[in-house]
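In what follows, structures are represented as structure tokens.
You will see subunit A twice below: alongside subunit B first, and alongside subunit C after that.
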Partner chain A sequence: MPTVAVDVMGGEHGPDAVVHGVAAVSLQSDIDCLLVGDEARIQKILDSTAYNPERIAILHAAEAIDASEEPRSAVRYKRKASLFVALREVAAGRCAAVVSAGNAAAAIGASLRELTLLPGVRTAAMASVYPRAAEHAGQDPLALALDVGATVRCTADELVHFAVMGSTYARVISRVAEPRVALLNMGRDPLQGDAVLSAAHRRLRDRRGLNFVGNIEGHELTSGRADVVVCEGLLGNIVLKLLESVATMAVDLTAAAAPRSWRLRAGMAIMATGSDGLRALADYSSYGGAPLLGFEQVFIKAHGRSQAPAIGNAVKVAAKAARDGLIPALKAALADD
Partner chain B sequence: MTEPAPRLVYRWDLDKTYLLSELDSLRGLVKIPFERPEDKVAAPGVAALIRGLRESALSRGGDVRIYFLSASPPQIGRAIRRKLELDGIVHDGIVFKDQLQRLFRGKFRHLREQVGYKLTELLKARQAEPVTAREYLFGDDWESDPLIYSLYADVVAGRLLPAALEELLRAGRVDPPLITEAGALAEACARAADRPRTEPVARIFINLERPTPPAALRAFGARLVPTFNYLQTAACLFEEEALSAAAAVAVARSLVEESGYRAGQIANSLADIVRRDHLGEAAAAVLRLAFGRAGLLPTAPPRWRDRLVRRWRRTPPGAAEAPVLPDYRSMIGTPEVEAPGSTQHD
Partner chain C sequence: MPTVAVDVMGGEHGPDAVVHGVAAVSLQSDIDCLLVGDEARIQKILDSTAYNPERIAILHAAEAIDASEEPRSAVRYKRKASLFVALREVAAGRCAAVVSAGNAAAAIGASLRELTLLPGVRTAAMASVYPRAAEHAGQDPLALALDVGATVRCTADELVHFAVMGSTYARVISRVAEPRVALLNMGRDPLQGDAVLSAAHRRLRDRRGLNFVGNIEGHELTSGRADVVVCEGLLGNIVLKLLESVATMAVDLTAAAAPRSWRLRAGMAIMATGSDGLRALADYSSYGGAPLLGFEQVFIKAHGRSQAPAIGNAVKVAAKAARDGLIPALKAALADD
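This part shows the complex of A and B:
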């Protein structure tokens, strides 16, 4: 089983959540992990939990990049940070994949410095998974959106690369035989949007080996119509954060709107299970993370608010991506250009 | 004239320490008496370690004893002895818990009672050893081995007085006759204690089979070493000079060849026990070299910077610290235990 390098110091819940997540994985699977961060602190956390030391190695990193740090400055000056050290382990081939829940912008910047872009790829794409309604039994309850922040604006070529990479990821990791790929736009008409979107639509439609289902509008995102949604980073990031806030917003608005009547309070209590379910469904801190695609190395970015189970899932996804040959599959798919 | 080396005594628990017994299910418990010797499975590396301990002592012309103490009934003794024979283990005695006899006497509590039984058996066994004998105890984290072994170590060292022991056992609801017996045995040990010269129990190794978080056993002090596998135990015993480097290599080799361990797991296990301060970096370096020569470690050299950081941060391993009496009161829940020196004894 390949070794997964884990940036321990990233994430809002700090080393505790990351180390506990990896400790759980060490007991449940045969995945080897390299924990990168403050060695003494990592060992102290490990001591307080059940773990399998045979599956865990530690590599000391003298610095850490904080979630609130200015990314450009961090990438420029903090080369000894756990994120950089973990990336270098992967770049050198000592580890097969890297997982980080840290500062997303710094993760992208550091990856561009330390990792190698796939042949033909000009820019990487940050993917994210989000919950959606399943149209049929067995359909993955999560869809993949990319790019959600590695770029601001992109070219039609880049959007096509994102589509190919997203589709390959869904096929290899989510085991979707023919992932349905859609382009996020303001209408279904192929000519809607700007010149970039029109050109991207045309190229995606003509692309062999891609199950392109056309444009998708914002209100269709949570339907089961598309498995992979392609968009520019600026738009993707805004959409993703809006989606993240929907469940909390719905619950909060309902609570605020309820008059002080015992009947309505009783009604809300009955609805509580449903609203908790809604909140759980949209709880991004429990998802396993999503890939930063476009590099010759596997990088799984866990959500900044990831708790231990989400980190554990991210590590499993990273190991699966390495084991199941995501990178060779991406290279093959991109070579069809 | 130089004094002869003290006798080395190794006391092993059986289930979950030597054998991978299935004690966590009724099915597993029922199965144990009917298992054939060849069906019983030893923990990875344990047989190689015990063989190595005897060979290492004998090669230096030392005096060594290996005993097993089990809470299993004597009815499975034949299968256990045969299993040990199959594993090439030469031992000096096995004590079983006579559960049926206790049942016939109507002492149902004894079936569950571990602390009183094991402690009295250990204290009885100590009477047969020279006062200078140096002991290593091996147990697991399933029942009360850490507590029993620590109590025993402090009694034979004269740190825990018989009256205090009896009080603790009463608080722990140990069967009264066993308390009386343990008190009398502790009295005899206290009279024979060779306190000024040696620490009778050098180390207690607890096999983290469940696995319990190591920090949960910190209250027992640095004398108690929680280990995740027998490579870690072997490494500590190598540092104690109880095990030769060749024997430690044999343990690692048995893990690789018989239990499917990979070189990375060997390296990680060694690094973990160093980080937990139970093994010094100097001993670890010697072992890494020996394992590397035997092809049991990854071929790539360790990252030099990481190695330097570890060496720089290293504190002396815990065994060098003088043992202090663990806070048994809070462990067992008794209001008061007299500190050594507060009560006179002969």
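This part shows the complex of A and C:
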């Protein structure tokens, strides 16, 4: 099994959540992990929990980038941060994948400095899963959206690359046979939107090896129409944060209701058992893995709020991506023009 | 009281919902309405219901634009449609405002042909209310977002005009003393986004008479941070349709659960009494009025799915906008540069 470099610092719950997540994985699987961060703190947390020492190594990093830190200056000046040290392990080929729950903007900026873009790709995309209603039995309850914040505006070329990479990721990692790819737009009409969107629509339709189902509108995002939703970073970032806030609101309502209203709590509990859609909505932010796609290396960004189980999921996704050949599959799909 | 021209054709529930909505208004208020559409059908519906004949007149229109019709060709060829006839009544000064529940894209296209843009304004914006959690007692449970689909991309100038118009509308119609205006963006940093967004941020911050609270992110949209959210049409359209689908999902879940699960239905009912936020979310699409801002005339676009009470609300909002001087207030605010 490949070794996964895990950036221990930077998550909102600190090193404890990350180390505990990796410790659990070490007992459940044959995945090797390299914990990168403050060695003394990591060892202390490991000493307090059960883990398999044959599966875990530690690499010291002198600095850490905080979740709330200004990302531009962090990327410029903190080259000894655990994030950078972990990325360099992967770039040098000593690890097969990297996982971080830290500052997303710093993760993107540092990756653009330390990793190598895939042939033909001009920019990376952050992908994120989100919950949607499945249209048929067996359909994944999560769809993939990209880009959700590595870019602001995109060219038609870049949107096509995002589509190819997202489709490949869904095929290799989520095991969707022919992922339905859609372009986020204001309407179904192929000419809808501006020149970039209509050009992207035309090129996606004509692209070999892509199951393009056309434009998708805002109200269809939570339907099963698309497995992969393609958009520029500004749009994806705002849409995903909005979806996440709705999910968080549902969870917060339950929690806040506990001391105040047994009726509301009962209502939420009943809904959670009655509706798969709402349960998925409430759970998804702890799901784990959002890939940063476009590099020759595997990078899985765990949510900043990840607790130990979400870290464990992210590590498993990273190991799976390395083991199942995500990068060679991406190269083949991008070359198939 | 001013006369409101009401486009009777084009809503998804047909002329019945529109005529019944206006008939109810005629019994409750002193608003005069001009029903524009197929005269024989309108008269037949009126004959079947209670109304005040002193408050309602009919103007025949030979054509109608269907809700699902291709808007570009409808705007080009159906100049005798009820939408166009109603707009011309307002443009000629014979009516003070127009209300339509028809095809939104056709409404925008026809308005750009028949109405006059306000001095200095280069394009109109469709505004839409949406529900959010109030931050303090007395805060309106609805915020206003614009543009939500009259434009695709915008210049910084246009975004500033949208901010001024949205703020004025919230002040005059929703009676918010100093509406908090925010710019939808990927982060709080004033330099976030592209050059258009950072220029818009700077100009909004410096604009007199505007209570600009900075950038707003996707997850803050449902909070009480902003009363007016400014964005380009592509972004606003997708975000509002997504919010609406979440609201519709909540309502549909309740309805669909009725025959299947008393538990789910009970859960939804409990939540609806337990949470103002969710109730507002479920109700807002029937609220009524979305103004098309940027013209010398008042245009209130009712939702295509409007039933009679929503039409009634839209007519009341239109009459209020005319009576309370929305257009002079918009001119004054736009001139205050």
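Everything that follows uses one rule, which is that the second predicted complex is superposed on the first by the 300 of 337 C-alpha atoms of A that agree within 3 Å, B and C clash if a C-alpha of one lies under 4 Å from a C-alpha of the other, contacts with A are read in each partner's own complex, and residues count from 1 in each chain.
Here is the rule we go by: a contact is a pair of C-beta atoms (placed from the backbone, for glycine too) under 8 Å apart; a residue touches a chain by one contact, two chains touch by 3 or more.
Please read all numbers here as calculations on a predicted model, not as lab measurements.
**Q** Now for A:A335: first (subunit B), second (subunit C), both, or neither, which partner does it touch?
**A** In the superposition, A:A335 contacts neither subunit B nor subunit C.
**Q** For the overlaid complexes, name the partner, subunit B or subunit C, with more touching residues on subunit A.
**A** On the superposition, C touches more of the residues of subunit A.
**Q** Quick check on the superposed pair: does A:E244 touch subunit B, subunit C, both, or neither? Answer first, second, both or neither.
**A** Touch partner of A:E244: subunit C, not subunit B.
**Q** For subunit A, which residues belong to both interfaces, subunit B and subunit C?
**A** On subunit A, the subunit B and subunit C contacts do not overlap at all.
**Q** Can you list the subunit A residues touching subunit B in their complex?
**A** Residue list for subunit A touching subunit B: 3, 27, 32, 39-40, 43, 46-60, 94.
**Q** Help me check something: in the complex, which residues belonging to subunit B touch subunit A?
**A** These residues of subunit B touch subunit A: 210-215, 218, 228-229, 232, 261, 264-265, 267-269, 271-273, 275-276, 300, 303, 305-306, 309-310, 313.
**Q** Give every residue of subunit C touching subunit A within the complex, in rising order.
**A** Interface residues on the subunit C side: 105, 133, 149, 152-153, 184-187, 193-194, 197, 217-222, 233-235, 237-246, 248-249, 253, 257, 261, 263-264, 266-271, 273-275, 277-278.
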